[in-house]
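What follows is subunit A paired twice: with subunit B in the first complex and subunit C in the second.
Take a look at the complex of A and B:
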């Protein structure tokens, strides 16, 4: 090959290398970027008035007067919607009319029997009122507009009307007048369609704004409040304004999702106006305000993580991590000291080393099964899942890491240290304890910190030994016998098994960010610590 | 030793006492044995893991035998007439591991070469933490990324994504081929070294290759991916997860290659690329093979990512190399089924999961032994 080609080849090879390094960095950015970016959303977001109401009700935080003022203000803005809907409802849901009419008729009958009138007179009135009553019921039950209007006119222009003045029957005439107004607006033949759509609309409005003023208080917290986050509110607002329909007009392709405006369904009725009203006044209805919700870390979750924070999971992760370190540090460091300072290289030590290597290679899920089969089912450290069993399993998992890192750290201590201390008359034990260990301590610490990160992030070993999806924060002594939520497990649980996966994306992202930050922080501390040790070692030699 | 630990104040006196050597020797012996026992914990752990997994796996093979387990693809452990054909699970694990190797090994080895020989010291100080952070990110975070971010992306614009990535992968390769090929071609066409001839030669080779790539990518971009949770998704994520292992182990073995080898090669007039390809990498071959094996172990043992993002369909895709279909792996099956199987402790349904774990354990154990052997051998060569 020509020299020039070889040079070019060399350069392009370098280029390829740099490109791979670039890919590596971009992989890191691609994975961490969205997690960071969206994870922040769990902490800093625009909270609506519903959010402040929820925080005040459930956690007792916030300025009471201010919140009540805000609630009153937003209720005022919402009144238009509620009024319009309840007006419309009356035309659609005739049940209430029928009920009321029956009540009035009964009342009138009682009134009539209490009157002191001659019997034929009474009978005539009774007959007339009954015929009016049955006519009105007929009108209410009918969906034929013309017929209904005829009947209503017939009732209103009844010659007997005067005779019912100042009796309970006047109420019925009132009802009839009101109903005839509604009939003018609403297409009665579509009543069933309207009813169906109205129920759907009301449900959508409930998820957006919380329960209607006259609703009984729902049991689940998630139904007691509307959307607490502005970004979710906008999604839900869109659900209120549009219906997703599939368009199959192009038969050659799959059905396309089309956003069909809901106002079209209610065209010509009073409800039609609420859609544009809702869109124009969304800010005064929901009053979004930027909040910094740092208490996400310290709040307990409500209603399976739909509201509140992730305290139990964070606490559980801490318990598990420190429990694992509690078991693995002494074992690991002593093993490392033995392997580096006391052991002679023979087949036994070779076996131990192979075993440590094997242990490091065992898949984490197998550790989980082992923990279940050994710690829980065989030696019964606890009757079922517990933090203790999980910590022990994790301890075995990180043991090789601790041993290897400590070994490495002890090996990097210069021989001269040991030799000097031995020459001063110290025994081997003393040299190890007072000279080598202190010198190796930062390195050992680095190893411990790295294994801490590993233990905090592991999921598979704790699935069968320690983790539950829902739970309260544990007290220290409860860790001996009780299972706990943990960040890693709850991330899995929330984004696969939760009943409202899409609703709580922000919680999932927040949880992932918390875990990633925790692990990264731990690792960055380790990296900095190691850099300082390296500097010191370089300075020494 | 126990005595010493109880009275730390006496430590020095006891250890340094010159008079009573016998006590000292006995103490030292006890100390030694205690340390040895504690060190033995890891051996005991490994032994116990094997014993307990084996103990719980044995009843399954006694009850159901071997044949169905290893040859059938019918995996219906919870039906009334259960069948435990784990072949599709083995296949699922194999296909995602292969995918992860395809992603991570070329990239990882080249990146390791870059780390050990190309980058300057200060840049290396930046790259090392990047790799460490990639290794440190918890697997469940990767799983979350695969399920919540990557899977919808694949499902919505999978074809375009694949086309773009084919460009990213193929462009450097094609450029490399063009450069080598044009050099060879130009030297054949005319003995005189002329820039024009070289450019023409480069065009002759480069243009067909790039049009080929263009056709390929436009073909790929038409692919519709019906489900974002599939073998491809998992393979890519597992590849990224295995990258740090591959990079750091190969980097170790590359840096362990003695300087004298490199210097000898340079002295003979080789360029850096030639030195690396012909001298350094062959010398570090054992370490690189070990890195690949460790990467495989990492990928096959990974649970959370495959459980969350592989689709968990226990079947062999059709055709078998179709990466765009959901699969189910050994680890995901263990994790997913244990929750229900735990209620029926003692049944085949419970023990079959241990049988799966035993297979996994044996595989990683053998891999580990082979890997260690390679590392040892490479150490012998390079030192």
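Take a look at the complex of A and C:
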């Protein structure tokens, strides 16, 4: 080959190497970048006043005075909306009027019978009050605006009105006056349509701002508070301002989603104004402030992860990982020592080696089923799913890795070390423990690091043996009998089976980021440890 | 006769003259006795029917061309061959009158008594101190003062003490090749063996380090019985009192180094030491 071509070939190989390195790095950035940026959203975000209220109520953190001041401030800003709606409601929902009127009439009857008046006189008042009462009820039940206005005027200009002064009946005249004001603004013939839309509007407002002032306290925490995150608030605000409608005007196309402003529905009524008010005053209503929620790591989740942190899952992952290592390291190293130092080369040992190799390739879900069938159903390490059973299953999963890595590490220890040890009068076990294992430690650690990452990230083996979607952080002794949430499983669970998947994207990404960071952290610690051991062995400083 | 070797022998004899024939009085006691001793690796022969008595407190060199079984014989003396698969032995080998291949022999004890230094220096990846203290520790000495004393004595014996006394707790792998080999000798001495086997201890070292090792051997022969395997005939001539010549697993000639090199009985020996083959 000519020198020129050889040089060219060399260069192209170098280029190929650089290119593959570049490819690897960009792949890492593409994969890890979004995880990092979206995951960080679980920790750093703009929290609304609802967030601070929730944290104060549920976790007892925050400055009480400051929070109450903030709540009062935002309530003041919200008052316009609430008042507006409740006024409008009265025109539409006449039930309360009817009820009140009935009450007043009953009161008046009692009042009348207690009066000491001649009977004919009493009868006259009774007849008159009954006719006024039934007229008002008729007006309330009617949707014909003109008719209602006529009746109301008739009541208010009744010649008998003076005779009812300073009796319970004056209250009824008040009601009539108020109702006549409302009737002026509201299109009574559209009452049913308004009612339907008002219920929807109120629901949307509840998700944005939390329950209305007179609502009973909801049971679920998610209904007790409005939007805690500013980014979600904006989405929900949009839901308040617009309704999604399908536009079928072009029959040749599929229906297009159109954002239809809700204010159009309430056009001409007082409610129309709350939409522009909401949009203009959104900041003073929700008071967004940037928060650094590092307690995402240490808070327990509330209402299936809608609020709070992911402590039980982190703890669960720790328990499972270290539990798996607890079982697999001693077993794996002893097996590796046996296979390298003591086993005779025969068909049985060959078979065992092949089995270990095969075990490494078994799909992890099979390990999960095995764990359920063997550890839980057969030898009953726990009555149901538990961290213990999960750890054992994971231990079996990583055992081949530990054995293989340890075997390799022990094999690479120079034969001369063993000879030297034996020639000094050490027994075989002594030589293994005092010379071979310490020298093989860096290699064994490598295997353990890989296993750790694997055990922390595996999902399938713990589905049947250890993982639950909701749970409290476990105490150490509870791991013997209790199941636990774990990061890997809960990421899957929250992304696929949660009832409000979109609401908790930040939790999902936060969990992924936590898992990645956790594995990274474990790796870094182990790598530093290995480097230190290596340095001690080689003695270069 | 190789002139270089001849001059070496003459030089050594003149040096020894002031010690008189002191050694001769010990020659009678044979510490290692081999009787028709053979070692087989599977079907092939390592050592075949060697009969040889190695005297106490003298240096015995085993020479021979590559593959003649000299290392095999050496390793048989402290049963290091047990580590090799399919290796078996035949015949008798006594140390201090005890047949070391009989069933009731404690190998651990045997090896403690028969130390070994290997061709390639093999300090453990531990500190210098831990290397030397390794042997005493596995034999149950835990007292720190006692260990210190043993380590110091062993390192002084191997003339290493002054070089390493300030860095006893640094890794032994940071030492130079020659220092590492002397450390291995110190490590072997620390368990206080009677016999020291050396398998080409200087073959991987530069001439200067080799000279130091040879001086060390001369120094150690007062207290230990040393059996050394070497490729280097000049070295054998320089350091040993007795020399055995092995060829194709068989012992061709065994005798005083002086006699073997100057006046060999066998033609093969003469051919080998004059460099006609091997």
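In the analysis below, the second predicted complex is superposed on the first by the 473 of 541 C-alpha atoms of A that agree within 3 Å, B and C clash if a C-alpha of one lies under 4 Å from a C-alpha of the other, contacts with A are read in each partner's own complex, and residues count from 1 in each chain.
Heads up, the rule we're going with is that a residue touches a chain if its C-beta (ideal position, glycine included) is under 8 Å from a C-beta of that chain, and two chains touch if they have at least 3 such contacts.
Remember, predicted model here, so these are calculated numbers, not experimental data.
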item: Which of subunit B and subunit C A:314 touches, first, second, both or neither; value: neither
item: First (subunit B), second (subunit C), both or neither touched by A:342; value: first
item: Partner chain(s) touched by A:421 [first = subunit B, second = subunit C, both, neither]; value: second
item: Dominant contact partner of subunit A by residue count, subunit C or subunit B; value: B
item: First (subunit B), second (subunit C), both or neither touched by A:460; value: first
item: First, second, both or neither for A:291, with subunit B first and subunit C second; value: neither
item: Touching partner for A:430 - first (subunit B), second (subunit C), both, neither; value: both
item: Touched partner set for A:172, first subunit B, second subunit C, both or neither; value: neither
item: Contact residues common to both interfaces of subunit A (with subunit B and with subunit C); value: 425-427, 430
item: Residues of subunit A defined as touching subunit C within the complex; value: 345, 414, 416-427, 430, 434-435, 438-439, 536-540
item: Touching residues on subunit B, where the partner in the complex is subunit A; value: 11-12, 15-16, 24, 28, 31-32, 35-36, 38-43, 45-49, 52-53, 55-56, 107, 110-111, 113-115, 118-119, 127, 129-134, 136-145, 147-149, 168, 172, 175-176, 179-180, 183-184, 186-187, 193, 240, 243, 247, 271-274, 276-277, 294, 297, 300-304, 307-308, 331, 334-335, 338-339, 342, 345, 353-354, 357, 360-361, 364-365, 367-369, 371-372
item: Subunit C residues touching subunit A - in the complex, by the definition given at the top; value: 78, 80, 83, 85, 108-109, 111-112, 115-116, 118, 120, 122-127, 134-135, 138-139, 170-174, 184, 187-188, 191
item: Subunit B partner contacts - residues on subunit A that touch it in the complex; value: 1-2, 4-10, 12-21, 23-25, 27-28, 31-32, 34-35, 330-331, 334-335, 337-339, 342-343, 351-352, 354-370, 372-374, 377-378, 396, 399-400, 403, 425-427, 429-430, 433, 450, 453-454, 456-460, 463-464, 488-489, 491-492, 495-496, 505, 508, 512, 515-516, 519-520, 522-524, 527
